[in-house]
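Structure, as structure tokens:
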């Protein structure tokens, strides 16, 4: 049993969706009941880690939404992308007595026991940026985008930049980053069947989430694989580091670089052609949507495919999953 | 009275730490009685502490010999991963008890092997511990990444969750395991013959060897001990996070070293106490949790921890200096009295 | 005539120990003034005060050339013209011999940029003066204890000081080096340099000193000219009682052979060593420093693996390739360097004594019986009269001689059946020395077989039943200790 | 001549570097191409510079784990200076080095005056400084550095990148200081025996403080060099860097117990790590095996080094035996 008393544990463990759901909205209900009048909830938004641009921006979005809705948003996370640290933060947040916790899990399974504690404490649980692998536990799951779709999009962009045949390599933040691994798997299979002439030269190259590493690894790559025609990077530092190496070697025309990057950071490289296409969902929106859905649930509402969140016209809902919408592509035109 | 006084001298450092611990605890209690002092929070702190605690005990043993174990975090995750493979196997699914037992066995086996690698190269080849474990840190990480392909292993039998999440008489199981480990560590390091060999070897390896101490075996065992502590920590982690991954607890390395030195263990080896380390871990735990609960910015917490580290050691140094001076003063006075009477 | 240095009412208190109380000392240029006293009398402490390593308690004055001064740190002392040869050398094992010799001059002259050619030249010169053949470029830690001592001497002499303090400079040396040292001291006197000399060896004290000052338990007892006093008088001043030196040799042939070494060789260490050791016998091994005695016995103790030859214990051939193996085989070794090999300096006397025989105090679950340990240790501290008699003190806080007693205690306590003792009274005071000799003899009478290495011929003659002489790694002579003279032995020891 | 070379402590590690280099070169000739070697040197100049700064610390028996935080601080400050105030390169360099020196001074004083063991002191400053940096910047990158600075970053002299030249210059300086100055020898003396160093008249506290100030200054320099390569400042990018740096120095033969260590060795250590990283991809070793390979090479390399040294010690003649 994962929780205080075995029976409670048993319940939460064997809980089916039905027994779970009422639990969820009653808890939501009491909240609204006893906090009637001042609906200022405490919503905790926990990123994988703090202090990197991507999660700083999602944080800005979340806080902005908080001000807009008049709820208190606590945006805090570990200073390293370490599941252990993250679980501790969640446990401490429960102690702090928040009304909702939205977590971007460093590991889909690791946070489950902690979230079960949260559930038992009557806290509304959401995940965002990456899914927690326990639907019964999660009241709402905010996906920036459908992973498979995103992975396939990245390959399409690569092909658009390098053509549909030739050698390409993959850069990733770290070999143990779950959602990047997920994308890479989808991408590899998709590329294999849709573009048979694409040739992945080696396993994904890890870059310790550091632009410096992406830069020097790319320098090595282009020498190790002289026929390399494309590089796709799946962490926001990768395309930038790669582009920088390409620019330095003056290979803009031989080698195409695409990948996920924050709009502002990508600008200079895209403008000088060393980075061909960057794509990412709107990071602020992701944070904002998370907070707004949390509030929506705290107010006692149920998720439904016809629900509306103001400011987010084109969200789609499927079960307890809320999709932010298609990613934005950044090309030369973007910065015109 | 006298006994108490000698006790006070002997454990001056531990007493200081204990006072700090209590002081911090009280302050936090006053600042956030409704959050910090809740049964829930105390419970969650008790289930959080063992991870760092066990790694710190393992680190301490290595540091006692004048060494260091930089690979300790990856020993924890590697043994956790091996255990996870057993736990997620069909075998464990069908017959749970045996599965869990096997998993623990496998983790311990991994611990012994990693310990033999570290200890063997350090003791029998004579390479500086820092260097060896620097290498094995990368090596073990590499192995863990390789066999998991960077992914997570999950799907353990419910019963295994008890290890990290269960309670006995309201005390979290991890805490109970931790207490057991503390007692074991105390008996082994501070009461057993091997323990005193460890301390003496840590102070002066040559003299120990010239005294017929099998310093090689002594050091080898230290690194096995270190690995075992790490592995227990690893088991608790995978149970708490009901999955295993290479980077679990990777942020504990510097923290465990800090805890050990904060606990009064000399980095040159040969001096330090289990209880000191334990209290130091406690201090770090309540400070981080307390400030988290108060909603203090994560970075400020890092700053505060750093400040505590330096502050405590500064106090330790200054107070020692002071007490020495007083001792000398007392002596001089006494001496004068005598010379007058003569 | 004007004293070079004059000290009055100086006291020094350490946490736990009052090392000096209200002592007086003065020395004239061109004088050799010996400071004598038992172990722990406070000699080294006074020296460290003169050289700025320790600060004395308040009150008390230090005058140099008549002017009152304070010596805040080593630099002050060096600037005031005081050079020191410390009891524990205070050299740098990781640096070259040359650098060890010249470094303090460089600092004194505050030469920020170094000229290595010059440094090597100076060092070679200094080594020549002290007549030591050591390569200036050798790394110090590769040198023998004895050679390190010569380096320390060379460094002090090279300093061109007005006063040189020598704290037991001969304890690691043997006859020939000692003679050269005496020569150096004569030269220094001629150059009107004051020499403060500390030693426990009576004959050398009376040979070179002009004046004595006696300390006892940190108190100033008396100063007097050499002419005014004889050995007995000096000793009783130091110890406060009489001490008799009768030979303890007992050269009757013993039957039972416990140790038989045949044709033991190791390249660059020793060659073709063969000898036997009988039950209850004391076998003395002497020779010039560098003869390889320690290397040889260290081979018996598993510290130094021989290339060829056999070792039989109780008739059974035994291979000993590590120290714990040696201990199991019933062999104990008391090394010559107590600072690094003999003791764990920053652990308590008790822990040090207990270390080699922890097994004895260990129950079947591997836990140490503290009470039993404390008792036994207490006994030995008592028996060997370690002062101060407090087994909780750190070994570091003991005086040189008392440290040596602790090393002895820890090995005697193991009741090994073969005990190898390398320079056992190195730096031990007269009183203690005769006690140690008695203890060694008692051990032999109780059936322990001892090998005693000593560079001090009087000592070898005093304790040994048989005497081996080593020269350049080989055994060059063997004597039964009956009507032997130092000359007979030296003749075999020196390289012809 | 050759003999004395072989005797040198660094010889083993040198041979290991050579062997690995040969292996890589065989598996991929690109390795020996000038542009590759230059790339390797350039991208490792930062670690190299910091390793040279770490060397005296280790020789003196200390350690400084705060360098990774200090370089973050220096990089952020130089970045802000460059973008916000558009200060010129030289001013930025001076400020960055000064900031590094300040942190070093703090370390030095804590260690020498409060007698807090180096690893503790620097662990403390490590988390304080990094905490402060991230609290201040919130991890925000500093991009869009001024053009002239970017140009500086890509400057080459006779085809050699400016960063490599700075590294080389520092090698020379460090070597000279350690061998030919009183302070330099003091560093070794303190490492050999601090108490003896006091007795021969060294001002040990002062030298210790200087050592950490020097380290801080090299870190300040490294910060600017790093920024000039990456052309952007990411405060988070330096975490764990201290280990890489220390690894290079100790693999280069510096003892963590103090007393030994040399510039030659350190440079070899840097090269070993550098060509391994570079070679892994050139030799097309699958990524999931790279850490394993690196780990094994480190352990094996240092073991061989030690075994050789032990053999030397055994062979050492202690007594001139009469044959």
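In order of appearance the chains are A, B, C and D, and numbering begins at 1 in each one.
The rule is simple: a contact is a pair of C-beta atoms (placed from the backbone, for glycine too) under 8 Å apart; a residue touches a chain by one contact, two chains touch by 3 or more.
These numbers were taken from a predicted model, which means no experiment stands behind them.
Contacts with chain B and chain C are shared by D. Using mean Cα coordinates as chain centres, the one most removed from chain D is C.
When the C-beta contacts at A-D and at C-D are tallied, the pair with the greater total is C-D.
Measuring from the averaged C-alpha position of chain A to that of chain C gives a distance of 72 Å. Between chain A and chain D the centroid-to-centroid distance comes to 36 Å (mean Cα coordinates, whole Å). Put simply, the C-alpha centre of chain C and that of chain D have 43 angstrom between them.
The geometric centre of chain B is 29 Å away from that of chain D, both derived from CA atoms.
Residue positions of chain D touching 2 or more other chains, listed in rising order: 134, 288.
With touch defined as above, residues shared between interfaces to two or more other chains in chain A number as follows: 50-51, 79-80, 175.
Counting partner chains per residue, chain B shows two or more touched chains at residues 145, 149-150, 297, 299, 302.
Under the touch rule stated earlier, the contacting chain pairs are A-B, A-D, B-C, B-D, C-D.
Against chain B, in their complex, chain C makes its touches with residues 11, 13-16, 18, 21-22, 57, 303, 322-324, 326-327, 332-333, 335, 340-347, 351, 354-356, 358-359, 361-362, 366-368, 410, 414.
Residue ranges of chain B in contact with chain D, taken from their complex: 66, 68, 70, 121, 125-128, 130-132, 134-143, 145-146, 149-150, 254, 257-258, 261-262, 266-268, 297, 299-303, 305-307, 309-310, 313-314, 317-318.
Partner chain A is touched in their complex by these residues of chain B: 34-36, 38, 40-41, 43-44, 47-48, 51, 145, 148-152, 154, 158, 161-162, 164-167, 237, 240-243, 245-252, 288-289, 292-293, 295, 297-299, 302.
Listed in rising order, the residues of chain D touching chain C in the complex are 179-183, 185, 188-189, 191-193, 195-203, 259-260, 315-323.
Residues of chain A touching chain B in their complex: 1-5, 9, 13, 50-51, 74, 76-85, 87-89, 91-97, 107-113, 117, 121, 133, 174-178, 181.
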